[in-house]
Amino acid sequence: MSGSVFGKNFTVSTWGESHGEALGAVVDGCPAGLPLREEDIQPYLDRRKPGQSRFTTRRSESDTVRILSGVFEGKTTGTPISLILFNEDQRSKDYSEIASVYRPGHADYTFDRKYGFRDYRGGGRSSGRETAGRVAAGAVAARLLKEFGITVTAYTKAIGPVAIRRTDLSECMKNDLCMPDAEAAKEAAAYLQQLMEEGNSSGGIVECVIRGVPAGLGDPVFDKLSSQLAKAVCSIGAVKGFEIGDGFHSALSTGVENNDAFRMKDGGIVKVTNHSGGILGGISDGSDIILRAAIKPTPSVSAPQATVTADGRDTEIRIRGRHDPVIVPRAVVVVECMAALALADALISNMGARLDRMIDFYRDLH
Amino acid sequence: MSGSVFGKNFTVSTWGESHGEALGAVVDGCPAGLPLREEDIQPYLDRRKPGQSRFTTRRSESDTVRILSGVFEGKTTGTPISLILFNEDQRSKDYSEIASVYRPGHADYTFDRKYGFRDYRGGGRSSGRETAGRVAAGAVAARLLKEFGITVTAYTKAIGPVAIRRTDLSECMKNDLCMPDAEAAKEAAAYLQQLMEEGNSSGGIVECVIRGVPAGLGDPVFDKLSSQLAKAVCSIGAVKGFEIGDGFHSALSTGVENNDAFRMKDGGIVKVTNHSGGILGGISDGSDIILRAAIKPTPSVSAPQATVTADGRDTEIRIRGRHDPVIVPRAVVVVECMAALALADALISNMGARLDRMIDFYRDLH
Amino acid sequence: MSGSVFGKNFTVSTWGESHGEALGAVVDGCPAGLPLREEDIQPYLDRRKPGQSRFTTRRSESDTVRILSGVFEGKTTGTPISLILFNEDQRSKDYSEIASVYRPGHADYTFDRKYGFRDYRGGGRSSGRETAGRVAAGAVAARLLKEFGITVTAYTKAIGPVAIRRTDLSECMKNDLCMPDAEAAKEAAAYLQQLMEEGNSSGGIVECVIRGVPAGLGDPVFDKLSSQLAKAVCSIGAVKGFEIGDGFHSALSTGVENNDAFRMKDGGIVKVTNHSGGILGGISDGSDIILRAAIKPTPSVSAPQATVTADGRDTEIRIRGRHDPVIVPRAVVVVECMAALALADALISNMGARLDRMIDFYRDLH
Amino acid sequence: MSGSVFGKNFTVSTWGESHGEALGAVVDGCPAGLPLREEDIQPYLDRRKPGQSRFTTRRSESDTVRILSGVFEGKTTGTPISLILFNEDQRSKDYSEIASVYRPGHADYTFDRKYGFRDYRGGGRSSGRETAGRVAAGAVAARLLKEFGITVTAYTKAIGPVAIRRTDLSECMKNDLCMPDAEAAKEAAAYLQQLMEEGNSSGGIVECVIRGVPAGLGDPVFDKLSSQLAKAVCSIGAVKGFEIGDGFHSALSTGVENNDAFRMKDGGIVKVTNHSGGILGGISDGSDIILRAAIKPTPSVSAPQATVTADGRDTEIRIRGRHDPVIVPRAVVVVECMAALALADALISNMGARLDRMIDFYRDLH
């Protein structure tokens, strides 16, 4: 149990259900002295907010974050940072069907099997709304990383069969799908429009690039930077696959192709290529960290589906109401935030790696 | 730091370097009363042992495991189980080159950047030999799971471009590549032979099927069963990608296709299909858990490679000696063992999920 | 860092400062199906509330708790339980002195040294107000333990030199000092009255008895039930000493006196005496668990004290305003709650100790 | 379960039973570059070794430690350090009585209740021999602390009613009881001689002083330096009480007495007194850390004792063979080592406390 805490030295606990009074996160282990205001966090939440385009659910939430602790005179104090968002749009609705029938592709059945019952209102804890807490916490991690010149940037790489051909990040904000390729975005929009008319939905791929990471983060065996990122990203609801660097392509490759040659440049060591995706032996190598997440299609489709009732009878369900035909564009910021949380933790955890640096660190503190 | 402990309730700590005196693992949290002998563990180690085919390094190690604690009169006592393997083949060899030159695709450079220096003998802690400790511990986890009717079975799905067309597990033991398809195994062998002649190497894909898992394992948010499996598998040295169920294919799919319908069967609830790979909302759904790992090509290739020296000069390296042209066949048992470790931990961690079951559990213990 | 999470399987994260907007706790790992209402928690908070007697500070806080998540239709869902208390009495006050001068016996100096600055308003995170979050969470743990017939009861054993001579728990609620001995309470009150007139304060001892604990909780080596209780209790601000069973008296004792003989009674094994305080080898032995905490005198005294300014000048400070002349009576419920948290965690963590019981547990879940 | 790992960033896992083949510890998270040889560890083990005086058991063990991993060319590599000690004196002996009868004051009964059976040979995992692993690991922690000018020194403060009147550390090595007071040592020896003749045993108190600790270690709430030390020390088998600074005496004291005044000295802030024992608000204040542990009398006494058999019959037991009439002198080094482990962990964990220092730390690592 107690699987709601992530991280070792920079940790986050999230809490809250889709239709509860509020949702939130507690960030613990954030260094003291970090300038932090609600305005640093809000833009991240706005990016995952519902009701922003024809491709997202109509639920209307301002998702306004409030910092309740851990910040004094505009700076973090080193104590836990409590972040809260109050739910607004919990319109009383008829949940009797969801309560008694298991929606295919959802966690209704597994929650009942694990806990004996569940908060069936809008998916409860398994709702996509749970990610709001991660995003609020991840924004704090990203704010910390910024102080070290580390940036985390994610975007939509593909929606169903429509993949980007170019990566112009300035395009991402210009289209509803967060795609860095205007043309691909148009094609993807048409594809989604078609699926919506059929009461169907689409999956897709999110790509994330982390720049400015110093070499040396991550530990050799179980806590590799790659395995921590894998856990972080695969803990997002709809993620079914994870890649670092060349990922599954490297399975098709050869050593001669796949190895990244080292070369001296401006007095430093650089890799000529980056098939490794910025991590060697589980430790950051100083080049960009590149990862991808495969997102499954929204399980809430209006087309009729065969399923069973909680009391064990075969039946058919038609999911009512308007749902996201694709989760990917809203998942982009969630992937970004989970990656930031893993990085912030690795950045702090690495400080005890070398005696000589520890001695320097403590020299003038006696 | 301290990234050498895996798990929360069923934990393993591994230790040891490629050319140290010994390697080992300490398993903590294994329930008392489990029948356990060295013969339960040895077969797993034998499967990853070097020198077994023309496709693996010639290093000769018997890899004989010894249980030093935690077992009394043939059964686990509930206390830590210490497992040890002594290194035998540490023939004195000239490591001066590896000591001063960074091998592309290896962790030489990142270890030096993180720790300031490294045990350069055969890769030290970052050597594939480190996996012997995981396998010994994973064998204990697998032995525990067996008591619950849970089996974990992995095999080679693809080597480079050669993928299996059929899955006949009885075939796996009959070919050097652990492929459940004799024909594909022949083609893959020819492909590897060709690469070996070029001083090159290949990547591939391992697939793992976990049967008999009760519904309810895993936690909803960060500690999903899928994220724990992702961390476990991505913590294996050469793994660059991870999938659960349909994985990256689900990104191309639609909700109507991808959702698994529920149906009643023999009084129980079953899924008609298994695109989810046995996990919904991070919790096991009772059907087979299916995962895949993408393994990169062996970085040790004899073809010349551009690189740099530790003191910052461009140079060229030719890796001497005989190395595995492919890691995949030996990685199969490692994936199996890491999956078993994650499952054993989830099995124990789930016991506190429901008050009614806790009350039953403690009723007669007062 | 990140030292604000307590427990392994039943965990609590607390957050909040004395003069922030709110304080709270997130309880994770509470089993699903536990009946829980705010009315189960409020009485615990009321017991530590300020302004209840002439011996406590006049700060007026209703300390009304609200459950924001993790409970549905009156029962816990197995997901995180978020508890919040809004601060009400944060009257604007002149903190310039506390901001620039280090109060003896307080954490002002150590916080500045650790974090570089601090929230100086009323002690910030190091204020006794921090314990409100622990108490709210501990009340949930106590509610869980109640389902297993486990009760945790603490009371004042001594205030300064005045110790109880008898233990009549019904008396505790009848006097301001939570002493189970009316006469001793009168003497202690007189002693405190005298100290208050001198602008001085007193220390004391809290004793806690835990009944109904089944044998077998706690682990043999580092996570002994006694060491977990020690950590739990010693993490309370003013605690300077901890005892289990005979504690420091056992140092004066002999084996013949101190050993508890075993005897059969009604078909069960009982101890004739309980010098061990209910724990043998770190594991509960089925008899009452008895522990004590030494509480230091309130550091806020109005008598003048020699100290230094934050910028390094010798000076003198007189703490203004009304402060508790003794913390002990309000610490009683905090000790109770920390003990309950440690017990709840041990109760869940013990479930995986035996294979035979795990097999029973899972038998009908397949 | 899995209670055999201690620490967060500097962790130790111990393993091994009294009469198993070997005992050991795995230290993880030790910074790279620390000079470490077996000769740094052996002296600590020699101090707890049996058979050294008329006051300790005659079991003869050389307790020779071997480092199996984590050290290369005389320095730690940052990877796990595996330490092993082989048991030598496991003379075949008749354990049938211990196997079937519960020894009062021992863990025989609680182990059986928890695990269903136990390794009864010499106490198995609950034997005092388990502390050998802690001492080996603690010696590594002490070696690390030495690099920071931090020393941990423990000694016998009292044996039964005989307490030291002076503290001359040079005396400790001169008497069998590790008392820094020659005269008290003589009296204590006479007291023990008397008890031995009666087949009885004595308890006592160990005191530990930690010098050179920088201000700022420890976290404010649950992971206070004091609570971590409490857990560390109370996890030692026979410890029944713990004190920091004035401990239980502070319960009798008043704020005016107990507060430590601050004063400027040589440009730094010092405390005029040290009632706090070097910790304020859970964080080190730069003065000496002083703690004490109450050790219960050896439960193995040869006098006849009433007890029960494992199958539930009243009986009487006489513990045969020669046992330590007092554990205290051998516990001294164990307390020292547990304190060193807690300090080493706090030293590393504190490095992420301040943004400005993190930025300095990483500035030249990009």
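Which chain is which? They are A, B, C and D, in the order written, and residues in each are numbered from 1.
Everything that follows uses one rule, which is that a contact is a pair of C-beta atoms (placed from the backbone, for glycine too) under 8 Å apart; a residue touches a chain by one contact, two chains touch by 3 or more.
Every value quoted in this text rests on a predicted model; they were computed, and no experiment measured them.
Between A-C and A-D, more C-beta contact pairs are found at A-C. At the far end from chain A, in terms of centres built from Cα atoms, lies D.
Here the spacing of chain C and chain D, counted between their Cα centres, is 26 Å. One finds 37 Å separating the Cα centroids of chain A and chain C.
Per-chain CA centroids place chain A at a distance of 44 Å from chain D. For chain B, residues that reach two or more other chains under the stated contact definition are 1-5, 8-10, 14, 29, 31-33, 78-79, 114-116, 125, 215-216, 220, 348-349, 352-354, 356. Contacts from chain C toward chain B in the complex involve residues 8-10, 29, 31-34, 76, 78-79, 144, 147-149, 212, 214-216, 220, 347-349, 351-359, 361-362, 365-366. Partner chain C is touched in their complex by these residues of chain A: 1-5, 7-11, 13-17, 20-24, 26, 28-29, 31-33, 66, 68-70, 72, 75, 77-82, 114-119, 121, 124-125, 348. Across the complex, chain C is touched by residues 1-6, 14, 102, 104-107, 109-111, 113-116, 125-126, 130, 158, 160-161, 195, 198, 200-205, 215-224, 226-235, 237, 239-248, 250-264, 267, 269, 272, 276-277, 279-286, 294-301, 303, 305-308, 312-314, 349-350, 352-354, 356 of chain D.
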